[in-house]
C-alpha cells in the first residue's frame, strides 16, 4: 500500500523504515534533508517538499503526519489545498483529542478524511513495533489496515491471553480502532496518564529503597527542625538498586517494559547523576486529569504523579514559602531552626 | 495554685507569665538564665537548678516541662529521683504519644503521675491564651484544673456555639481532658495534621492566584518539553495577594487564624522572598499519617500536605531523576528537549 | 443607591434585606412570589417581572443576578433587550470565569457593562456580612462601591492586621476589586478550592480521632484479608469529638469559621448520622484544579480533596473492581479471603 | 539439595513441586493433609507433623515457612526446640521486616539462622518461576543458592539488559541477596508498594476510559448539586476496554505482567461485575508508606493508591459525613439539593 509520511524524527523515521521493510510504498518528507536521506537509503521515496509529496502519491492519498503537536495545524493548512476529495490525513503525533474533533470537522467540509492515531513505542518501535490507538470513520480506518498491521508488533510480541484463539484480532496485533474521531488520541492520552502513574510508582519505590540507609548516615544536627529518625536500627540497608531492578524483571508481579528500561538506566548509572530531575510533561497527563475531572472520576494517583513532575520543576516554590511564612507566623519558626509550637 | 515550670522558651516563658498574672505561684527554671530573669521580672520565683526547683515546691508537686521533645526523657530522668510519691510531671511539648504511654508506665512504678498536654497557640498565646489537649488520670487532671483554666483563652475568645448555654464547659474555655495517658498528645497530633492540610490549602490556592498571570508572561521557548498554555487569554490576571488575603478574613467561608497570619505575612512581603521555602516538619504530621494507616482511615489530604513538605526539602530528587531516566529510555527525551513519544 | 436584585434564594434574599437596611433602594424579583413578599416586608420594592424590574430602575441601572449558574445566560438574554446603554449587569452566582469573559464581550457590543462578583458567606451573610470578590472595569466597579460596602462585613469583623492603620481599605471591609472581567470569579473559584482543602483537612482529622478506639474494638476475624492492628494498645481512646471541636475554637492554630460550623454540627449529632456522606461539588473545586493544571502549579491537596468527594459518590467503583480483579488474577485473592501473595 | 517446606497453600505447594521437579529433596508439611498428598504425588516426601519433618531432614537443616504472616511466630516457637545448632529457618511469607529483625535475634541466641525471603509471582509461579528477595547472613544465603536458583524463573524469562553479558548474575536469574536480616522483606515490601501504585494507575485509567461516554448519558436532573458536564460533545466514546487492554500489551510503553492479567480479567467480564470492589490490603503498602515517612521521602502516588483501597472499604464514611455537615452548615446544602453558596 502507498503512504506519505511527513516528519521523520525519532518515531516517524523509524515508522517509514518499518513500512518500507514490510513492502509498502512510502513517500517521505522532512524539513531536515538528512532524515530524508536516511529513509531513502532504506527504500523510501523522497519528496522535495509537500507539493512534491502529494504529487508522488496516487488518489485516494493517505498522508501521515509525525510532527510535533504544535506544528500539526500549520502542516495541515499547507497540505489541504494540495489534496483531493477522498484523501486522508492521519495525525500520529500527541495531539489533544479536542483538536482532532475540530480538524476533522474542518477537513470534512473539503471532503477530506481525518484519522487520529496515538502511537506508543518510543524510539524502540523499529524493532519492537508500534502500538496504535486509532480514531476516525470505520471505512477509512479499515482501508488503512495494511499500514497499521505493518507498523504493529504482531501477535507474537506477547503470549496470547487465555481464551484468545483463532485468527488474532487487531488488538492482539497491537492496534485498535477505538471509535470515532478523537477516540485514538483519547485512548493514547489515558495510556500516557497510566504511564505517569506507573513511572511515579517505580520512582517512589526506588527512592524509598535508596534511603533505606537512613539509619547509617551521621545523624543530622540535633536542632528540632527535622524530626529525628526514631529507629535508626531499622534503616541500615545499602540496597543495590541496579540489581534489584534487574531481579524484579523476572517472575515478579511488577515486571514491565518500563522496569526493563529502569534496569538498563540503573545499570549504566546507579546514581542517575546524569539527570537533573527536572521532569517535563508533554500534555497528556494534564489532559487525562481534565477528562477525569469532567467525568467526575477520581484520579488521585495520576494527579499525584503529574503534580510531582510540576514540583520537580520548582513550581511549588511560592506555596512552600507561604508554608514557611505561616510557620514563622504562629511559631516563630525560622527555617531550619527550633520547631516547637 | 503552685506549679514548677521547666523550659522558658518561646512558649514556656509566656505560659509562666500568664500563670503569674492569673495569681498562681510559679517557680521557673531554664538553662538560659536570662529567660529566668525575664519571668522573674513578671513575678515568677527563680530556681537555680532542678533540685532547687523541686525544693521550692510543696507536695504534692506539679512540674510542667516545656522543653524540646528530644530533651524530655533526659529531664525526666534527672527529675524523678528528686520527686516524691504523688507528685505530677506534665509534658507540654510535642511528644509522640507512644512516649507518653511509656513514660507514664515508668513513673507509675515510682508512684509519680504523668500528664501529657498538647499546647497550641504558638508565640501568640500570652495575649490570645493557649489551647490545651490533656491526657492522664482524671483525678490528677482535675486537681490541675486552675492551671489549665488560667492558661486557656476563656469562653469569650469565640462566640458560643448555638445551643451552648449556662456555665461554659472546659472545652468552651479552651482546654479538654481528652482521655487517659497519651490522649492529649494524640489529639494535639491530629490537630497538627489538620494544620498541615489547612496550611497547604492556603499555600496551593495562593500559588494558583500568583500564577494567574501565566498568559501575560512571554511564552517559553517553543520546544516541546513543556506543554504550551492553550488559552493564554484566560490567564491575564495580576492578583494582589496581600489584599486578597485581607479581604477573605472578613465574611468568607475560609476565614481563620491561619489566614490572619497569612495576611500579616503577605502585607510585610507579597513575594515572601525572605523565605527559601524549605519547609520543616516537627513530627506530628508524620505521626498523624501513621495513625491513619494503623486505623485504615484514608488521609489523602494530610499525606499530600506532608509529602509537599518533604518535597520542598529536595527529598524527591532521586525519584525525579528516575523519571527523567525513564523518559530518556523510552522516548530519547533529553531533559528540556523534544517531548514526542 | 439604587439596585435591582434578581433571585431571592438563600443568599440573594438576605443580600436584598441587608441592602435595604443600609438605606439602599432595592427593587427585587424572584420567580417565587413568596420570596418577593419576604423582601418587600423588609422594605424592598417588588417587581412583577423582569420588564417591570427594569422599568422601576433609573438609568444607568445596576441589576444584580443571584440565580443558579446554569440560569445566568437565560436571564441575561431576557434582560439584555430591556436595558439601555451604560447599564450594568452583575452576576453574583458561582459562574465559571470563562463564562464571565464571554458574557462581558457579548454585553459590550450592546454598550452594557458586566461585573462578576464572587460572594462568600453562605446563609450566614445577613448577620455576618458577605465577602465580595469583584471583576470588571474600574470605573463601573467604583460606581457600585456603596453597594459592596453595605453588603460587606466591615472592618470590625476581624481585628486589624498589624501595620494596617488609618482608613480601612476596601479589602479590610471585606470586598476587593480583584481585576478585569473574570477576576472576581477567578478569586472566588480559588477561595472555594481552598475551602475544599480545609474541609477535607478537618474531615480527615476528625475521622482519625473517631477511629482512635480501633484497639478497643473486637478484633476482626483472623482471615488475612485485612492487616491486623499491630499495636491495639496504642488505639484505646474514645475521643469526644464535639468537645474537641469546641476546644479547638479557642486559642488553637486551627481555629476558623469552618471549625465553628463543625463544632455546631457535632454538638447537634456527634455521629452525624443524619448525613449519608454523598458529597456534592458545585464546580469551583474542579475549575481550581484545571487552573492549576493550566498554570503548571502543583495542587495535590486540593485535588485530593476533590477526588475524595468524587469517591464519596461511588465514582471509583469500576476502578476498585479492577483492583479486585487484578488481585484475584495474580494471587487468587477472592475479595475478603486469604491475602498472601 | 534438601529442604523442608511448611505450608503448602497457594504458593508453598507450587514451590515444593517446582523444587522437586528440579531434583531437590523436599520434605513437606501442611495442616491440610490433602495439600501434602498433592505434593507427595509430585515426588515430595510427606511429614506427619513438625517433629516428623525435622526428623526427616539431615543437619544442617533448612526449613522454609510458607504460612500466613500472622502464623509465623507460632510455627517458629514450635519448631525451635526441635532444631539443632546451625539449622536455618526461612520465612517466605509476607512478614514485616521489623519482625524479621526480632526473630533473627531470638534464633541467634539458640545458634539458629534466620533468612527472610520475599517471594513474588503469585499463583503463576509454578510455570513462571518465583522472584526472590533475600535477607540474611551471606554464608547462609549462599549455602541455599541451589534452592533459590531452582525456584527462580531463570535468565530466559526476560531478554538480557543491554550491557549484561557472560554468566548471568543471580539478579538476572530472578533472585537477589538484598542485604542483612530484613533486607529481603524490605525490598519485597517496597515491591508491593510499587505494585499498589501500578495497579491504581491502570484502575484509574480504565475508569476514565469507561466514563468516556459521559456525554452520551441522559443528563442528570438539573438540580445544581452536581456540576453539569460543560462539553458533552467531547465525551461520546464507547470504548471497548477488553480490546484496549489487549492492544496495549503489544508495543506500548505500559505493557506489563499486570496488564496481561487485566486483559485476561476484562476478556472474561468487561464490567467486572463479579467483584464488589472492596479492595483488601495485606500490609506491605502500609509499611512502605511508613518507611517513606521515616525516611522523609515523598510517596504521594503510593499513598494515594493505599488510601483508595481504604476508601473502597467505606473507611472514609465519617469524613464524608463531616463534609456534608459542613456544607449544610455554611450553605444550607442538603445532600443532593441546591448547591449555590
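Order as written gives the chain letters A, B, C and D; numbering starts at 1 within each chain.
Quick note on the criterion: contacts are C-beta pairs under 8 Å (C-beta built on N, C-alpha and C of every residue); 3 or more make two chains touch, one makes a residue touch a chain.
Chain labels with UniProt names: A, B, C, D = Decarboxylating 6-phosphogluconate dehydrogenase.
Just so you know, these numbers come straight off a predicted model, no measurement behind them.
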Subunit D and subunit C - chains in contact with each: A, B
Which of A-B and A-C has more C-beta contact pairs: A-B
When subunit A is superposed on subunit D by its C-alpha atoms, the rotation angle in degrees, nearest 5: 180
Most distant chain from subunit D, judged by the mean position of its C-alpha atoms: C
Centre-to-centre distance between subunit D and subunit A (centres being mean Cα positions), rounded to whole Å: 28
Centre distance in Å when subunit A and subunit C are each reduced to the mean of their C-alpha atoms: 37
Gap in Å, rounded to a whole number, between the CA centres of subunit B and subunit A: 42
Per-residue overlap in subunit B, given as positions that touch at least 2 other chains: 120, 122, 200, 202, 204, 207, 226, 230, 253, 257-258, 264, 286, 294, 296-300, 303-304, 307-308, 311, 315-316, 319, 330, 341
Category of the chain touch graph - line, ring, star, complete, other: complete
Residue ranges of subunit D in contact with subunit C within the complex: 9-11, 68-70, 93-94, 96, 120, 122-124, 199-200, 202-204, 206-207, 210, 222, 224-228, 230, 257-258, 261-262, 264-266, 272-273, 275-283, 286, 300, 304, 308-309, 311-312, 315-333, 335-336, 338-341
For the subunit D and subunit B complex, residues of the former touching the latter: 253, 286, 289-290, 293-294, 296-300, 303-304, 306-308, 310-311, 313, 315-316, 319, 330, 341
Residues of subunit C touching subunit B in the complex: 97-98, 101, 120-122, 125, 128-133, 152-155, 157-159, 161-164, 169-176, 178-180, 182-183, 186-187, 190-198, 200-202, 204-205, 207-209, 211-212, 214, 226-227, 229-231, 233-240, 243-244, 246-260, 263-264, 267-268, 288, 291-292, 294-305, 307-308
